[in-house]
Every structure is written in C-alpha cells, then in structure tokens.
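Input: one structure, supplied below.
Letters A, B, C, D, E, F, G and H mark the chains in the order given here, with residues in each chain numbered from 1 onward.
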Amino acid sequence: MEPKVMIILGSASDFKIAEKATAILEKLEIYYDLRVASAHRTHEKVKKIVTSAAKNGVQVFIGIAGLSAHLPGIIAGITHKPVIGVPVDVKVAGLDALFASVQMPLGAPVATVGVDRGENAAILAAQIIGIHDAGVREKLASFRRDFYSKIAEDEEKLFLQMN
Amino acid sequence: MEPKVMIILGSASDFKIAEKATAILEKLEIYYDLRVASAHRTHEKVKKIVTSAAKNGVQVFIGIAGLSAHLPGIIAGITHKPVIGVPVDVKVAGLDALFASVQMPLGAPVATVGVDRGENAAILAAQIIGIHDAGVREKLASFRRDFYSKIAEDEEKLFLQMN
Amino acid sequence: MEPKVMIILGSASDFKIAEKATAILEKLEIYYDLRVASAHRTHEKVKKIVTSAAKNGVQVFIGIAGLSAHLPGIIAGITHKPVIGVPVDVKVAGLDALFASVQMPLGAPVATVGVDRGENAAILAAQIIGIHDAGVREKLASFRRDFYSKIAEDEEKLFLQMN
Amino acid sequence: MEPKVMIILGSASDFKIAEKATAILEKLEIYYDLRVASAHRTHEKVKKIVTSAAKNGVQVFIGIAGLSAHLPGIIAGITHKPVIGVPVDVKVAGLDALFASVQMPLGAPVATVGVDRGENAAILAAQIIGIHDAGVREKLASFRRDFYSKIAEDEEKLFLQMN
Amino acid sequence: MEPKVMIILGSASDFKIAEKATAILEKLEIYYDLRVASAHRTHEKVKKIVTSAAKNGVQVFIGIAGLSAHLPGIIAGITHKPVIGVPVDVKVAGLDALFASVQMPLGAPVATVGVDRGENAAILAAQIIGIHDAGVREKLASFRRDFYSKIAEDEEKLFLQMN
Amino acid sequence: MEPKVMIILGSASDFKIAEKATAILEKLEIYYDLRVASAHRTHEKVKKIVTSAAKNGVQVFIGIAGLSAHLPGIIAGITHKPVIGVPVDVKVAGLDALFASVQMPLGAPVATVGVDRGENAAILAAQIIGIHDAGVREKLASFRRDFYSKIAEDEEKLFLQMN
Amino acid sequence: MEPKVMIILGSASDFKIAEKATAILEKLEIYYDLRVASAHRTHEKVKKIVTSAAKNGVQVFIGIAGLSAHLPGIIAGITHKPVIGVPVDVKVAGLDALFASVQMPLGAPVATVGVDRGENAAILAAQIIGIHDAGVREKLASFRRDFYSKIAEDEEKLFLQMN
Amino acid sequence: MEPKVMIILGSASDFKIAEKATAILEKLEIYYDLRVASAHRTHEKVKKIVTSAAKNGVQVFIGIAGLSAHLPGIIAGITHKPVIGVPVDVKVAGLDALFASVQMPLGAPVATVGVDRGENAAILAAQIIGIHDAGVREKLASFRRDFYSKIAEDEEKLFLQMN
C-alpha cells in the first residue's frame, strides 16, 4: 500500500525522535515512509522525495530537525500539502529549532509541535488523515481512550502507593 | 453552506490577528465561522462550539490566543479534528503564548504557527482541506503563484529604486 | 476528616514534585487529596474533581504540571477558590510551564510558585488556610522556626568545616 | 472598617499597575490599604507596615515591583499571611521581576501572578478572603458572571462587524 | 564590471537593512548585485541566482532575512563560496532569525553578523575580498581610520557639551 | 586580625561557590568572615551581621545566592559599603539569580559578577581593598602574573600535544 | 583636582546613560573624567586612558557599552583597579551587553550594574571611594536619606490622590 | 609552509572545540597555527600574534571562546582580515558567548558560527581561502560530496534497521 505520511529527518541522529512518531503511526495502522535528507546539503533530494511523494498519495509530511531546522520549512516551500515540523533539542534547549520551524513567513506555514515531541506529530498527521478516513479516525479515538484509561490506572497506582 | 474552518478567539482583542486569517480564507473561498470564547472563563461554551462544529462539517479548528494561551490546547482536548494554534504577542514577545500552544503533552497536539501569524493559520487550514478538495487546492496554488509574482515585482521596484 | 487541599497532577510523572508538597502538608497536619487528571485529555474529570472538592470543604487547589501547563489555569476557570500552580521543568528549563501557569488572562489568576517547587505550594496553601485556622498557623510558624534553626546549624557546621 | 488587603508598591512609578488591583477590590467591596515602600531602601518601614497590618486584620498582602523585585519576597519573609506578587515590566520584558517574585526559596512562597497583571492579584486576594466570607464570594462570582456576559457581547459585536 | 558581492533579501521589507550594507559597499567601491528571493517560496530562483553569480565572479554572498531566516543557510547549501547572514528583527527581538542563521549544522556554515547589522555584513565581505585585493584593503583601512576620527570628534563634542 | 571581607551565603548549599572565593582571598592574604543567612528567612540576622561587620572594619560584602537571589540586594539596602553579588545557577541556567542581583533599582547597586563565579567576587573585593592597600595590590598583581604564566604554560602543553 | 572616577563610553550614543551617572557624581561632589573610546576600534587609546588615569589617582573605572559590550572587560584586563560595567539596551533587551559585561572569565571581574542604570554605577563608585573618604560617605548617606524622604513624599501624594 | 589560518583559543579548556576545527583543516590540507591567549588577560600577546600572523600570510583568524567571549571581537579590532568566532557553551547555554561574538558594533564584524561548532569555522575558513585557491576549493567540494554520501549511507542503514 502507498504511504500516507512521509517522514523526513534532517540527520540520522534525529532517529530517536522519529521512532516516537513511527511507533504511533504503526499503532494507528497508517502507512508511512521515512527518509534522511538534510535541507542544506541535499536540497535536490528533498525536492525529489517531496514531489514524488505528493504525487503518489502522501497526504502529510513530517520534517524532523534540530539547530537551524530549515527542513520542515523547505518541504513547505515545495508542496501544497500540510507539513508538520518537530524541533529537536540539540543546543540552546531546542529554541533554535523551535523558532526555525514555527516562525515561517507568510505563505509557507509549518504546523509545529513541541520540542522532541515526535508522537504528537504522528497524532496530528492522523487527525488530518482522519478527516476523510473513518478507519483512522476510529483508531485515533480508540488510542486516545486507551490513553485516558492509562491515566486512570496511573492514578490508581499513585493512590495505592500513598495509602 | 456549512463552514469548513472554525476560528475561535480567546478574547475580542485578538481580532486583529483573526482578520489576517479571514482575509486569506475569503480569498480561497473557504467558508468559516468565528467565535470568541475564553478557555479559562467559558469552557462549556468552547466545548459546545467545538462539538457542534465538528458534527456539522468543520474540518479544521483555529485557536487564536495570547498569554497563557490555553485555548488551542483545550480545543485539541475536545475534538479529534486537527487544531491550529496562533500565539498572540501580548507580553514577553509572545513567548508565553507560543510555548503554551506548541508544548502540548502527548496525545493532544496543536499545529502551531508563528507569533501573530494569522495568515499562515489560514493557509495551513487550506492545505489540510485541500488534500481532498481540488478546488481549494487550485485556489491555494494560484494564491501562492500570485505571491511569487508579487515578490518578482517587489524586486523590480527595488532595482528601479536603486538605478 | 475532609481534605482542605486538593492536589491535582497533570501526569503521574509529576509525582516527584507532588511529594515535596505532601511531605510539608503532612508535617503541618493539613488533610489533602491527590489526583491525576490531564487538563487536555480529561477535562470532565478535572471539572468533577474540582466541583465536588469545592463543595466538600476543600479550600485551596494545587495544580502541578509541565510543558503547556494548562492544568492550574483550567482549575482556576472552574472554581472561585484560590488555585496554586507549580510549573514542572520538563523542557526549556521549565519556562513553558512557568509562563503557562503565571501569565493567565484577567479573571482567572493562578498563584504561581517556583519551577519544581512543590514545597512552597504547600506552604502557601497553609498560609491561606492559616488565616482562619490558628492550629495551622502555629504549626506553620513552628515549621519556619525549625527552618531558621536548621540554617543556624548549617552555619555552625560550615564554621567547623572551615576552622 | 479595617482593610483586609494591604498593597505595597516598590515605587510610586508602579502605581498604574496598582490601580488595576484597586479598581477590582473596590468593585468587590474589599477594604484595602496602599503604601509605597522600597524593599531595598526602607526595609524597617516595610516590616512595620506588614507586622502592624497583619495584627490589625489584614489577611492578604500584595507586593507590586519591577526589576530585582524583592518586595513581595521580603513581605513573605516577615509574615505568615499569604503574599501575592505582581511583577512589573520595566526592563527585559519583565522577566527580571517575574523571576524575582516567583523563584522564591523553600519556606517563603510568593503567589505570583502575570507580568503587569494587577487585576488578577486583586481577584486572587478576593478568592482567598472569599473562602470564609460569603459576601466576597458572591461578589466575586457576580463579577465573573458579568465578565462572561461581556465576552458574549464582544462576540455579538464582532459578528455584527463581520456581517 | 562584474559584481563581487551578491546580496539576496528574503523579502522586500528587509530593504532598509540591505541599504546599510550597500551604502558601505559603495564607499568601498565594491560592485554588488541585489536581489529579492524568498528561500521558502522561490528556491529555484535562489539557486539560479547563486549558481550563476558564483560562476560570474561573485566571491561573497550576503543573505538578509527575518523570522525563520532560512535564506542564508539555503545559499550556503548551494555554493562553496562564503555566505554572510544578517538576521533581521521582525519578532522575538530577532532571536529567531539569529538562531536560524548561526546554528547551521556541520558542513554549511553561515558567517552570521549582528541583528539588523547590514553594515558589518558589507565590511566582512570587504575583509574577505580584501585578502587578495589591495585596493579594497586600502579603502577598508581608510574607512576604518575615518571611523576612528569620527569617534575622536564625538568625544570632542561631548567634552564641549559638558564644559 | 579584623576581616576586610564579609561573605554571606543565602544557603549552606551555596558553599561550593563560596569556596571559590575563599580560596582566592586566602591566596591574597585578605581576612574574611563567612556566614549563612537567608534574606527571606532571617532578615534581622543579616542586618545584625552587616551592621556589626561594617562597624568593625569590613570594607566589602559578598552576597552569594541562587533563585530569587535577594540576599546581595538586601545587604546593599543596609550598608553604604560596596556589595558584590554572585548569582548561583540552581534553576533556569541561573538567569533568575543573575537578574535578581544585577537589576537593582536606583540607590542600592549590587556589583554583580558572573553566574557561579565566586573567584571573581574575591578578585573584585581585592581590587577595591587594593585601592588603599599596597600589599593587597601587589599580591593581586602577582596573582594575575601567575595566571598569565599558567596560560602560557597551557599553550605550551597544547603545542606539545599537537606536535 | 584630580578625578577619582573615569567614565569611558563605548560610543557617543551611550551618552544618555552616562549622564545618569555624572548627575549623581556631581551631587556627591566626586570628580570624574569622561571619554569615548571603543574597545574594538581604539584599543590603544583605551589602554592609554586607563593606564594614565590609574597612575593619576583614578580609583574606579566605569565602562558603559551596548551590544557585544567588551569595553568594561577590556578595561578590567588593563588595570588592577575596580571596573564597573553598565550594559546599554540597544538590541535583544540589552541581554547581549549584560552577558558581555557580567560573564567575565576568571581573573578579570567587571562589577556589573543593571541594564541602562548609569545612576547605580555612580553610587557604587561612591561606595568604593567612600570606604576611605568620610566626606563622600556622608554625602552618599545624605543622598540616600533624601531618597527615602522622596519615597515618603511619593506615598503622601498617592494617598492624597486616592482620598 | 606558512599557515593560512590562525586559531586562537580564549582558554586551554576550549581545546575540545578547537579540535573539531583542526580535524577539518587537516582533511582539507590547510596549514594552520593554534595559540591560547585570553582577550582580557593578555591583550598584548593577542595583538602580537595577530599582527605578526597577518603579516606572514595568515588569511583568516578563528577566535574560540566562552562566557563574555571578547576574543574574536578583539582580533577583529586589530586586523583587517576576516575573523571567525566560535561561541563555546560554558554557561547559560552558550548564549553569552554567542551574543558577545555576533553582536559586534559597526566597523568590526565577527563572522560567527554556531555554539560549539568548531567544524563550521574550519569550513568557512576554507570557503574564504578557496575563493582564490582552486586546490582548497576542490578539497572542500570533495569533503562535502563525501558528507552527502555519508548521509545517503545513514539513510540506508536506517532503512535496514526499520525493515
């Protein structure tokens, strides 16, 4: 099956953050593809990946990068599909990557999620896909219900621990 | 026609930022609705607006708020639809609202755009809607082409100004 | 006996900060209850806990949360009782949670204490309860006297260490 | 009648922020007193004001100060009554005063509200007093209800402005 | 004559900063070219400008941009020539553009100068060109000598003003 | 002999920073005294220490504190002698203590040195004492000369390491 | 008479901050000299001024500078006399100048006062000079007493304004 | 052979950052010299090193320093050759050194690279030298090509790891 989400990493060292996203996408049974391609060093490759993916059914892009995190912004300049940015904390508490992802000029937004928060990028992608995909919507709802249960269980454990 | 985008303002004083979004949505001929409802003060109302809107065909929510900008996060806790957050600069250069919007915990992402950047919220909404709506996609592409032309014109004017 | 203080954690992972508060409340013999309930994920539960607690004699709420720490602000929107916020350092040195807790809009203040400083939330709660409770006031005064003695002892130890 | 709230300003130049607080206290019919006394320059005076006020029925203190805003912390070191701090934006976006107010060491909490947000200090004081004062509690509830109505009216006006 | 310096602006609104650079380059009689081309919106154009310029004798590039200032980094990914970045203060005191320019990953440095400091970009370009161009070196030395004289004159004026 | 420098710590946990100062003072043979006294908790004690020290020949005070580091400012409000502040990094990279120490209002300056930099507080104290004490001045000059030699030696070692 | 304080400005544009210092020094009848000399551009001049001043009785130096405010640090590297630094707010809220002044490495402290706070530099200089000069000490004490009176008067005026 | 690049360290403790630069320079076969010389403590030595190096064929200077990182700015005040600054993270996430390096006043730019990013200083130096040195240019191009291959390999490894 064709991937619906294309994850691009600015560097292989960002893989630990990408895994947070792929773990969620797998639970939600959303097909994805994952590539490594630096915005500054291999722009042609980024463009080829994005253009080809957009043609082949990818609905949402996720760009994961640290430092001067240009990658999600570059993707946003190539495609009209929504682009999610995950800032990675490498230096200055990740503020450099957060600003680089979120402070995009008029015309090329990046839907930025929290520093190092790959999971939320996956959930946001699922929310977008879920608008027209009842299956994904249900899996997402179920994933969140499980989450609420887990919170309830955590509370139970804390009570037991305290009493 | 039913609105596709629901814009919620945390306070009437954020209207100047909302207008940046509505101007773009009108150009792209995307129906929207706009409400004012503070996350801290009228949570029931936010919930009613969001639940009802989600049932009636709204595909994307935009929450616009300054300070401890909880509004977009609150919306994200109510619906499985994607939620876009626009941090408004009221104090500390808007960093409070930016952090409050983007640093969401696991499970409830807010697709955050730049400080005061209502236009990009609208474009991001259009990108999401455009995945399954060729009309919006074309209008978005055309809007961006016009934008490129404007840049080219700006350059011409600068050249004339300099020579 | 009925609890006077209700502590709500945004996540079970904030428990280490909550323990700093409960240790002090126990020393001051102030009854408290402790719950886990995410502001974004289980708003109804937060509301039920807060409404029920406020009816049953709770005088002060303490909300402990990291990241986009909406929890104390949400509590402040539900009750007219005072709400204390403890920002937890998860990312960006805890500035996200500090801003989210302290920068509340007009009408719904959160009495914010320092980053990770659960003890001070407990002491502040005791000060509030102590206005009309001479027993608590005396225990608080005695707790602080002991604290001063400890400082004096620390100084003695430093002198011995240096001479 | 005896004042229930004592407001102390670090400098006469902070009066504009104090007026936000006094306007609310007057609406809620809470008696207050207001003094100017710098923490660094007239510590004895601060001590006399605070000690005397605490004896004469003041239940809550509000310290308003900018820069190295020590005033609320100093008050918190003198009394066992709750102390609210309002950081004033004079330099560096008010972060100096915010940190000075909120980052208190163990034992002497300052219940800090947002930068320049005198109104919330007054509301927090009313919430504290309202625990044991049904009249204040009702006036506070009514004040907040009016606030909600104003939000609803603002929304109406925006609708009319847009249609 | 062929330009030695190519200045690229991310947006026509950055022109006021570019003028600070061009005024210096003109004093130093260094030929330059100036273009407007957004990194996110017209990447092909940036590439064509940079590639063509690098072939036609341009020795140094200056990228001027605000917000998620990707432009200088994009240029640095295209050419092996040195690239100077000038962060422009649009939001958050220019820290977004400063970080985006300076925090480049391994392999594609941007020689970043101060926020809004177009003049220093021009002087740095002159220093680079001056390594192998005695004429530029002399003009630069003379420019700096004049600067020192101006400082001496400013001091004289201050003395007169004070005595 | 009477101490010339009085070091006051806000907390015994700041002792590691104080030791950096005392090590230098001992090398320079400047007598000092060291006390622990929290600004918020034991103001009377701080006042007694400072007043008595100022009478007994102490020429310079050093206040070492973290968080809302009021201690040096409190000392500066009590004495007309110069007060040096050493901000300690406990939270938010020490920016809270830095701001609290340096951003003093008109009339009560604190001579602030770098975060955690106890040594420089001692050297600054020695510079102040050295204005009228040739012995201290010579020891300080000699200490700095040794420092330069150490730098030269470090360079030698690096050369050897590299060649 | 010989000046006791030497004020050096990094740029004539910092004069407005210097005037805050000179106004106080004149009130305290402390002789001073004032020069403009950029650390980066005229190091030889800085050195000559500092060396000559130190020989001719100057006891304290004040360096006033914005941006990468190296000037006070440079002075501190030349003399063994105490050096006071006044960071000037030109960009990024003056944090660049504050850090550049205060974060000095081991061996060359700069006694840093608040951003734009020229007055406190003068008072600190007076405190240092006052250690061995009873006349200055008395004038400083009298200046501060007048300050306290002014605060008392400000309070009176506020009372009248309120009642 | 004569060195083309002169690296100066503010302190021997910055050597780990310098090694990142020297490793790249060695790969690119660019001769360099490395010295340790603090801007504040041994200005004469810095001046002698820089003046002599500039005369003997050094084309580019690299200043590596932390804290109030004046060193690159000092070098920039001595020579008309381009100066690269590498801010080192010692305190406050390296923001002090970043600001001190990049926020230079008019006339003395420092070409600043990322925090702790010694490699990029070396690559920038190579880009500058490569303008007139085809050998360096080729080695730089080849170094970057190898870098791209490594990225491609990293991607392959990730694919294998994932499938």
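Keep in mind that, in the parts below, contacts are C-beta pairs under 8 Å (C-beta built on N, C-alpha and C of every residue); 3 or more make two chains touch, one makes a residue touch a chain.
Owing to the predicted nature of the structure, the values given are computational and were not obtained by experimental measurement.
**Q** Pick the pair with more C-beta contacts: F-G or A-C?
**A** Ranking F-G and A-C by C-beta contacts puts F-G first.
**Q** Please identify which of G-H, E-H or A-H repeats the interface of B-E; the criterion is that more than half of the contact pairs agree.
**A** A-H
**Q** With centres defined as the mean C-alpha position, give me the subunit B-subunit G separation in Å.
**A** About 49 Å, centre to centre.
**Q** Measure off the straight-line distance from the CA centroid of subunit A to the CA centroid of subunit G, and report it in whole Å.
**A** 51
**Q** Return the distance between the CA-based centres of subunit C and subunit D, expressed in whole Å.
**A** Once rounded, the distance between the two centres reads 19 Å.
**Q** Mind pulling the subunit G residues that touch 2 or more other chains?
**A** Where subunit G meets two or more other chains at a single residue, that happens at 11, 38, 41, 67-68, 91-93, 95, 102-104, 107-108, 110, 114-115, 144, 147.
**Q** Along subunit A, where are the residues that touch subunit E in the complex?
**A** 10-11, 38-41, 43, 47, 66-68, 70, 73-74, 76-78, 91-92, 95-96, 99-105, 107-108, 110
**Q** Please name which positions on subunit B make contact with subunit D in the complex.
**A** Residues of subunit B touching subunit D: 9, 11-12, 15, 22, 34-38, 41-42, 67-68, 91-93.
**Q** Give every residue of subunit H touching subunit A within the complex, in rising order.
**A** Subunit H residues touching subunit A: 89, 93-95, 114-116, 144, 147-148, 151, 154-155, 157-159, 162.
**Q** Which of the residues in subunit H come into contact with subunit E in the complex?
**A** Spelled out, the residues of subunit H in touch with subunit E are 59-60, 80-84, 98, 102-104, 106-115, 117, 119-121, 123-124, 127-128, 130-132, 137, 140-141, 144, 147.
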